[in-house]
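After this come two complexes, each holding chain A, first together with chain B and then together with chain C.
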Partner chain A sequence: MAYVALSEAEKTFILHGVEEDFRCDGRSRRDYRPMELETGVVSNASGSARLRLANTDILVGVKTEIDVPSPLAPEYGKLEFFVDCSANATPDFEGRGGSDLAQELILSLQNAYESPQAFDYRSLCLIPGQQCWKLYIDILVLECGGNLHDAVSLAAKAALFNTKLPRVTATLLDAGITDLIISDNPYDCTRIGIETAPLLVTVCKIGDYCLVDPTAEEEGCSTVSIVVSVSMRNGEPYLSGTHMTGGGSMHRDTMQNCLQLGLSIGEQLNTLLTKMLKQEQDRVGPKRPKTVGFLK
Partner chain B sequence: MLRVTQTKNSLLDGATIADNLYTTPQDCEEFFESLEKPSKDPKKFTPRKTFIRAGVLTTVRGSAYMEYGNTKVLAIVAPPHELMRASARRMNMGVINCYVNFAAFATGELESVPERERHLGSMLTKALEPVVCRTEFLNFQLDIRVLILDDDGCLLSTAINCCGVALVECGISTYDLITASTACIYRNHVFLNPSSKVEELLWKHRGVQIEAASGSAPEEHGLVITASMDTFDQIAQCQQCGYLSPETYVKLLDYTLAVNKSLRQLIRQVLTTRVREQHELDLREKTESALEDKRLKEIIERLQQKGLDEFIQSNIKEDPYVKRM
Partner chain C sequence: MTANATIELALDRVDWRDLAAHPENLPRVYTPGEVLMPEAGFMRGHGTFVEDETIKASVAGVIEKVNKLISVRPLKSRYVGEIGDVVVARVIEVQQKRWRVDTNSRLDSILLLSSVNLPGGELRRRSAEDEQMMRRYLDEGDLISAEVQNIFEEGTLSLYTRSLKYGKLSQGLLVKVFPALVKRRKMHFHNLPCGASVILGNNGYIWIAPTKAQEQDGGEGGFAQNLNEHVPRNDREVIARLRNCVLALAKCKLMIYDTSIQYAYEESLKYEAHELLQQNAIYDIGEQTQSRLRDSDE
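Now for the complex of A and B:
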């Protein structure tokens, strides 16, 4: 994680705040910071989203390509994640400084989206065994204000929701070769189902307590955190990828508490995100008002 | 069995046709049928044959070799040296770097090797960070290298076990002994310490999945790797992938913790015998050097008694060649 200079006194202050359930910015341990989400901001991508979680700023673009499905999964499309920690997020990322963090984010996203239960890969299939969509999910970290895992997964899910795949019709030619015809009408497109797409929730342990959505300062104080990937299916939360990070260890019971907290938060976050995405879509529709000033 | 050898025939118009050489989802199905299913009560599992030895290499301070069934892993720990990257220096703790390498013959699938090496390296670092007293080597970095000689499943957990032994052998202070194990669930069968075949089946699961009827609970599949330090019941790392309900997750976690406990006994025993062995070696060395000292002392005494010339004369053996001439 990005480095924040903190003195012992500051750390103690944060620790006491967490113990009192009243954090530096007035939140309780279960609260998220205000979030700002906008979809369809990049004109050259099939789908995009920009998420601002207090100081953390993420921009995601989804690009599409037609590919050959893997032989063992002829009915599945493909997803590929890429995270770029740009040097303007924090000076630490200059040169190759951000590559470790980027690698970690890519791995956790890949892990979370790995299972076909977590993401409906069938919807990306064009012709089983021959052609499928491959989605490139490019994530740009514009500013780093803590809690990157959560922000990145939220933004990725929103961008997937926003992704429009052009409608494709296939004609059979000789020798079993198929020819794809991509629709000319830009509004003739299909959407991707994201009901089960996972969200990552970082549960951070500071002192004896667990909290969600840590700021960069709080991350500096934490001994260990657990990244829980929550996928909702039939109204039940499922785990689709979990790992611990931060260089500490925890007791089994603590871990179970963290897991419970992460699951309940993930559930709430998921319903809220779906609701907001639907609302935005209904309000803005296909005709988006021209916005001036991209980053605002 | 599950190896994929895909060949592509490029046609003139750029389209490709995949040949039928690869294994099909049907083959996976058949393989699963042929697989020996574990009993419903995984507590009565048969442990894998385990062999651990500390100090196998003489060129490095800390080394360990572990065989876990057919999985063979060699770990090397060098004493900490000064940080090379200045940017990491601001941390108030030492830095651990783990590098995992596959031997060229370790695995059949060569394409994914670089990616797996990176992944294993980062997971290994995460698992070992809690166990090493990193405050003791501020501004230093500890390089841990792992060579995988043979892959038959449970790679990460075997590597963690092996590194734990190598760390102790190198004399790096650790908070506790670290042990790790793997458990996975596939089609409601719990496999403890899955072999590479089962693990592969799990990854390829995406292709052979039976469509879960809507409304019913989705089929769970997944893998849990737990590294624990049992003196204070601490979990150093717990990685999960796949799709699991929280209850199944906790169940698998408990299974792995139980395996860790039994492994801990073994590692402890190996380390104590190693220390004892070393102690005996030290003792023997000490007696030998004492004998040497004694011999030298005698010579000096004789020298003092006889005087220099006489002593030299008494020690000159007649040269047989000189005599002949």
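Now for the complex of A and C:
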């Protein structure tokens, strides 16, 4: 995380606010800042989304490619995450400055999406053992305003929802070799099931209390936070991975509480995201006329 | 145990241009690299450069033309200091006989050891001992209020705090807005009637803190910070509301000064403090405040 300098007095003010369940911007410990979402912003990607959470700005693009499945999992497709922290966000990210943070985000996403129960890798398979889809999920962090993990995972899920895979038909040639024919019609495509795709919820410990959606200043006051990845299956939230950041440690009871909190928040976020994605899809229709984009 | 989370669609984004006085003739915004004048015969001013015999914009902003001089005024810029400006600044580094502070200008500013009031208000030569104690007075990350004393040739600002109203800031919160939005006035320290005090730094850093009792003398000008003091809940609510109001004014590109903050605060009372983060509430407050400001101007 980009470092924000804070004086002791400011930290005290934030800490006391968290204790009183009334944070600096008037939120309670369980509140998120308002988010703004748009999908399909990048016209030359198979799927894309832009999510803005207060000052955190994330742009995600999904590229598709046909690849050979790994011999260990012949029926599974592949996902590959890549995070780039733009120097637009903070001058600290210039050069290789953002690579540590980017690596951390990639690892927590990979960890969350690793389980085949968290993401339906079978749907990306074309011919078992021979051909499968490989999705490159490229995430660009354009501005840092705290709570990157949550914003990145929400944007990634939205971009996956928006991804359109061209319809592929296989023809059997001689000697058991199959040939793939990709449909010429750009609107003849399939979607990816994202019902189970995980979301990351950062539960941040400040003082003796846990809160969600920390601002950059609050992150500076926190000793430890736990990133909980929540995957929905049959309407129930499941844990698909955790990841700790920060130098501090957590008591077992606190950790249990944090996980519970993360699960319940993750469930709500997931419902909300799915609802808004469906709503946007219904409103713009299959042929998107125009995007709102960054300006305005 | 429910969380308040909202995801809005970009489709529903509020059009902030509706707040403009004349929405029909908005000035065009030029982006860096865009050709301003295709033909030669013009002079290039600030925010422009010449390439292939045409004048192009080097910053994003609106065009300003004085006879043959073409310049671009940036929409967003760093703070350009002027002597006598009140600023809120953050200490970045403790150096020999001086502190390096961030004032949101292009270069870091400096605060000399000789331009601070030492605790106890002693006026004497600064000894080597004082130099060793510098970190005791101001440490990295500390916020101060100060005044611009001097501007060096390369543009570095030199600050001073040799007045009891300036000095280290205690509990409260900092809001950052564009420097251009802070109106230059006689007074930049305000005790607002709603129960909090604000320092409107000309550099776009705005400090909001609970109002201190008058008898607590030297708290402001000195280096004392009461870290054990709990800010009571109602003060905290006022501060949070003020913070959101200032950010709402900044979002609506309205000038920030005592009256506009007060109006925005009064208009915001129909919302809960955390609802002021929503763009519809921000738009509503901006609209109401703007119309009240226009009425009072007439």
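Convention: the second predicted complex is superposed on the first by the 289 of 296 C-alpha atoms of A that agree within 3 Å, B and C clash if a C-alpha of one lies under 4 Å from a C-alpha of the other, contacts with A are read in each partner's own complex, and residues count from 1 in each chain.
The criterion applied here is as follows: a contact is a pair of C-beta atoms (placed from the backbone, for glycine too) under 8 Å apart; a residue touches a chain by one contact, two chains touch by 3 or more.
Owing to the predicted nature of the structure, the values given are computational and were not obtained by experimental measurement.
S.K.: Once both complexes are superposed via chain A, do chain B and chain C end up clashing or fitting?
M.R.: Fit.
S.K.: To the nearest 10 degrees, what angle do the lines from the C-alpha centre of chain A to those of chain B and chain C enclose?
M.R.: 100
S.K.: One more residue to check, A:Glu36. First (chain B), second (chain C), both or neither?
M.R.: The answer is second: A:Glu36 touches chain C but not chain B.
S.K.: Determine, under the contact definition given at the top, whether A:Arg252 touches first (chain B), second (chain C), both, or neither.
M.R.: In the superposition, A:Arg252 contacts chain B only.
S.K.: With both complexes overlaid on chain A, does A:Cys24 touch chain B (first), chain C (second), both or neither?
M.R.: Second partner only.
S.K.: For A:Gln268, using the defined touch cut-off, is the partner it touches chain B, chain C, both, or neither? Pick first, second, both or neither.
M.R.: In the superposition, A:Gln268 touches chain C alone.
S.K.: State whether A:Asn88 touches chain B only (first), chain C only (second), both chains, or neither.
M.R.: So A:Asn88 meets neither chain B nor chain C here.
S.K.: Thinking of the overlay built on chain A, is A:Ala118 touched by chain B (first), by chain C (second), by both, or by neither?
M.R.: Only chain B is touched by A:Ala118; chain C is not.
S.K.: In the superposition on the shared chain, how near does any CA atom of chain B get to one of chain C? Answer in angstrom.
M.R.: When the complexes share the chain A frame, the smallest chain B-chain C C-alpha distance is 8 Å.
S.K.: What is the shared patch of chain A, the residues that chain B and chain C both contact?
M.R.: Correct list for chain A: none, the interfaces share no residue.
S.K.: Taking the touch rule as given, give the residues of chain A at its contact with chain B in the complex, in rising order.
M.R.: Touching chain B from chain A are residues 3, 68, 70-76, 92, 97, 100, 103-104, 107, 111, 114-118, 121, 129, 176-177, 224, 226, 231, 233-234, 236-245, 247-252, 255-256, 259-260, 263.
S.K.: Spell out the residues on chain C that touch chain A in their complex, using ranges where they run on.
M.R.: Where chain C meets chain A, its residues are 1-11, 13, 15-17, 90, 92, 102, 139-143, 169-174, 225, 227, 230-231, 233, 236-237, 239-241, 243-244, 272-274, 276-279.
S.K.: Can you name the residues of chain A that touch chain C in the complex?
M.R.: Answer in residue numbers: 5-10, 12-14, 16-17, 20, 22-28, 30-38, 50, 54, 154, 212, 264-265, 268-269, 272-273, 276, 279-280, 283-284, 291-293, 296.
S.K.: What part of chain B is in contact with chain A in the complex they form?
M.R.: Against chain A, the touching part of chain B is residues 4, 6, 11, 13, 15-18, 22-25, 28, 87, 90-91, 93, 118-119, 122-123, 126, 129-131, 134, 204-209, 212, 215, 217-222, 229, 232-246, 249-250, 253, 257.
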